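Dropping the structures in below, format is structure tokens.
Two complexes come next, and they have one chain in common, chain A, joined by chain B in the first and chain C in the second.
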Partner chain A sequence: MAIVKAQSLTYTYPNAEKPALDDVSFEIQKGEFVILTGPSGCGKTSLCRCLNGLIPHFYQGELKGKILVNKYNIVDHPIHELAKHVGLVFQNPENQLFALSVEKDVAFGLENLGIPRKEMIERVDCALKTAGIEDLAERAPHELSGGQQQRVAIASIIAMNPEILVLDEPTSFLDPLGAKRIFKVIGKLNESMDMTVILVEHRLDLAAKYADHVIVMDKGKIALDGKPRKVLNSDETRMLGVGIPKATRLYQLLDEEKALHSRQVPVTADEMGKLVRGALRA
Partner chain B sequence: MIEVKNLYFTYPSGVEALRNVSLEIRKGEFVAIMGQNGAGKTTLIKHFNGLLKPSKGEVLVDGVNTESVSVAKLARKVGFVFQNPDNQLFSETVEDEISFALKNFGFKDTPLRRRVTWALKLLGLTEYRKASPFMLSGGERKRVALASVLAWDPEVVVMDEPTIGQDYSQKEKLRQFIVQLNMQGKTVVVVTHDVEFVSECNPRVILMSGGEILADGFGKNVLTNIELLTQASIVPPQVTEIFMGIKDLGFPVDIIDLYEAKELLMKRLGRK
Partner chain C sequence: MSVFDGLKFRRVSSPIHMLDPRIKFLYVCSIFVVAIVFFELLPLLVLFLFQIPFVILARVQREWVRSLRGAAFLASIIFGTNILFRFMYAGYSLTANDIEYASAMTMRFIALVESFSIFFLTTSPDHLGLALEKSHIPYEFCFAFTTAVRFVPVLAEEAQTIMDAQKARGLELEKGNFLKRIRNYIPVLIPLIISAIRRSLELAEAMEARAWGAIEKRTNLYSLKMKRNDYLLVLVSIFVLIIGIFVRFYVSIPTLSNLLGF
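And now, the complex of A and B:
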């Protein structure tokens, strides 16, 4: 079942000359883990803003075509209604946090929904634990490091338990181990809770293994759309300046020299290691 | 160029962010400071242009103690690009943004315009000259912040997480750009988490954890030392990870460079 469906979606910001999204059509199935990538300024963030109605309700501008999120046409539903279904984690956590304690920040969205106190406490605790920040519950968000703040932002979205989780470069500010941990958390939400994940990411080395669908955008259009191994191994993806995993790139270099070939293109270090091992044994 | 001697720094809140840090960065060096969130990296580099003053110990920039000069004076020598461009940008157009510091440093008319044009071109921002910085994407705003610092041509360029929000080709440009700055004799200090970026640049790597320096050396040595990396919440570059997985087949593990990796594998696979 398609949970997101865009048809010839075209959007232009107020006073902008060129559209930020130009005739975009795609489908995302329920329960998919989608990586949305592409050069800076290609329209990834604008697309995320459509998913929870920030475009067009907050940003205004001109929207043509159609996008259905959970069968809702975003144009007909206000942001607060869409927010129940779509959780958006921003690139910069500072834009999202404001309460005096981490716990309050995470509870804020639930308070607005009028969730009973007991359930609220449970959901906040669970979200803090999933994001690995139980020990920060009492701390003030603005005193935390960028990485910790990002985990608070993610926890406050997890607490809302949305059907669709949209993350706009959520690990930019995290150290690699922290990033790895967040991807694991997102992978788990996707796997065990069947949450649909749309992850905007440049750093594919760590994220690629979780994805089952990759969309590459360029200049407001969809450039490639398909299975990760196919998209990541395509020359076009690399030419667009997408940072494909080093394991995939190394495989390509060896494949070009006819030193290594596989029908299953590696996207992780582990897969690449196994491929080399197999080739040496053969 | 920068000398840090037994530096301690405690924030007013009582958090001790730096403990007995000593290091020396020579003129023309390219240094990457890495480590986990909250390791003290940003606190350390804020001492390089006098934004923070030591609680104990001292910091010398070009032989001058940072306590004895103003930030404004140090800034001419040490350009600082912040992690979050929104803390730095405030003008109505990209052009005004880049002109701002130049005006403060006394640049006027043609030299000013020439420098703005140069900086815009350098960072691929020419088409955004008249745009508002706030209409740009995160990655683009980051480049505006970098352009506004490079425009006044400081001797030392300190960048806090320059690759955040940058796509791969921009990172590649940034890398070439740093190499170019470096060749002109500029000292470049980068605070970053981006192991892949560092493995491609191969600078001197300083690894920090808990306000202290854990390791200081060649990228090839530091980024392949799992024990140190784990302490600093860094994962090794993916190329290194591949080699760690096949070390029992007689491969070395201190590999961070993609092309070195290719050559090594070609030798074994090609022979088959």
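And now, the complex of A and C:
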């Protein structure tokens, strides 16, 4: 079942010359883990804004075509209604935390939805645990490091329990280990809670193994759309300057020499390791 | 060092910090009323001493002393003008009573600063926002208040960064006369304002994404419940008020100089 469906979506910011999204069509199935990637300025953030209605309700501008999110046409529903179904974690963690304590921040969305206090406390605790930040509950957001803030931002969206979780470069402030942990948390939400995940990410090395579906954008258009191994292994993706996993790149180089015989393109170091070991033994 | 330094909140857990902020405010109000009905040094001194146990219970002595030191400048101005006024009024002579009156006015100010600093030193901005909400002030204002408090340190840090960056480009802030110095700050202010605007747009976006305005009556993670100590403080506040008013009307207050036999 398609949970997101875009048809010839074209959007131009007010006073902009060129459209930020240009004739974009794609489908995302329920429960998928989607990675959205592409060079800087290609329109990833703009697409995220469409998913919860910030475009067109907050940004105005000109929207053509159609996008259905959870069967809602975003044009007909206010942002706060879409926000119940689509949680969006923004690129900059600092400017999405407003409260004076972490727990209050995580509760913010639930307060807006009028969730009763008792349930709210449970959901806040649960979200803090999922994000691995129980110990920060009473700290002030501005005292936290960028990575910790990013986790708080994620927890505050998790608490709202949306069907679709959209994360716009959630690891931009993190070291590789921190990024790995975040991906693990997101992967778990996708697996065990069946949340549909749309992750905007440049670090495909760490994220690729969770993906069921990769979409590559370029200059406001969809350049490639399909299964991770196929998309990541294509020359087109590499030519766009997308940082494909090193394992995949190594595979391509070795494969030119026909040194490896594998039916499956590796996307992680582990997979590549196995492949090389197999080849050496043969 | 400013008066405001002494009002900065620091997280401590003490019985005073746990009190309901509304009741603490009631207490501040009753101290305020009592302080302004007296013109004599003795009761104002008592009022000042009366609050010291609160400071000790709250374990904020250091900050409290700092707030008093911050207030010292204003206090000496109050003392000075009162003395001057009395001096001229009485035909260029000064009695012990005049000095006592000026001291009383100063003590009144200090007692007020003391009660306000106890309030602000022991009430987290969170609690303050909550108290505002529970006092039926529209939520938008309470939200604006807590968000402003939240972003003060962020903006301060940003201002420092911009200043450093502009200094590195050769901007000299401390140069020239008064007007010139103010003009020097323009290259700092403009980026600061632009960044604040950008920040506020991003904040608005993030609020929308978390269902801001979904329903009329939002709920709250925290609740304020009156506990034993809160009721106790209500009693103390009423007691202070009644004693204060009673003494004002039915007891003749000796001056300190009489008492000491001048």
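Keep in mind that, in the parts below, the second predicted complex is superposed on the first by the 281 of 282 C-alpha atoms of A that agree within 3 Å, B and C clash if a C-alpha of one lies under 4 Å from a C-alpha of the other, contacts with A are read in each partner's own complex, and residues count from 1 in each chain.
The rule we apply is simple: a residue touches a chain if its C-beta (ideal position, glycine included) is under 8 Å from a C-beta of that chain, and two chains touch if they have at least 3 such contacts.
Quantities reported herein were computed from a predicted structural model and do not represent experimental measurements.
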Considering only the touch criterion stated at the top, classify A:N92 as touching first (chain B), second (chain C), both, or neither. both
According to the stated criteria, A:L136 is in contact with first (chain B), second (chain C), both, or neither; which is it? neither
State whether A:A223 touches chain B only (first), chain C only (second), both chains, or neither. neither
Go through the superposed model and pick first if A:E81 touches only chain B, second if only chain C, both, or neither. second
Classify the contacts of A:L100 with the two partner chains as first (chain B alone), second (chain C alone), both, or neither. second
Looking at A:R117 after the superposition, I want to know if it touches chain B, chain C, both of them or none. Which is it: first, second, both, neither? second
Of the two partner chains, chain B (first) and chain C (second), which one does A:F108 touch, if any: first, second, both, or neither? second
Once the shared chain is lined up, is A:L63 touching chain B (first), chain C (second), both, or neither of them? neither
Could you say whether A:S172 touches chain B, chain C, both of them, or neither, answering first, second, both or neither? first
Residues of chain A that lie at the interface with chain B and also at the interface with chain C: 92, 94
Contact residues on chain A for chain B in the complex? 13, 16, 38-41, 45, 91-92, 94, 143, 145-148, 169, 172-180, 202-203, 205-206, 240-243, 245-247, 249-250, 253-254, 257, 259-260, 268-270, 272-274, 276-277, 279-280, 282
Within the complex, which stretch of chain C touches chain A? 11, 124-126, 129, 143, 146-147, 149-151, 153-154, 199, 202-215, 217-223
Chain B to chain A touching residues, read off their complex: 13, 35-38, 83-84, 86, 135-140, 161, 164-172, 193-196, 230, 232-235, 237-239, 241-242, 244-246, 249, 258-259, 261-262, 265-266, 268-270, 272
Contact set on chain A toward chain C in their complex: 52, 54, 57-58, 79-81, 83-84, 87-88, 90, 92, 94-101, 103-104, 107-117, 120-121, 124, 138, 140-142, 156-157, 160
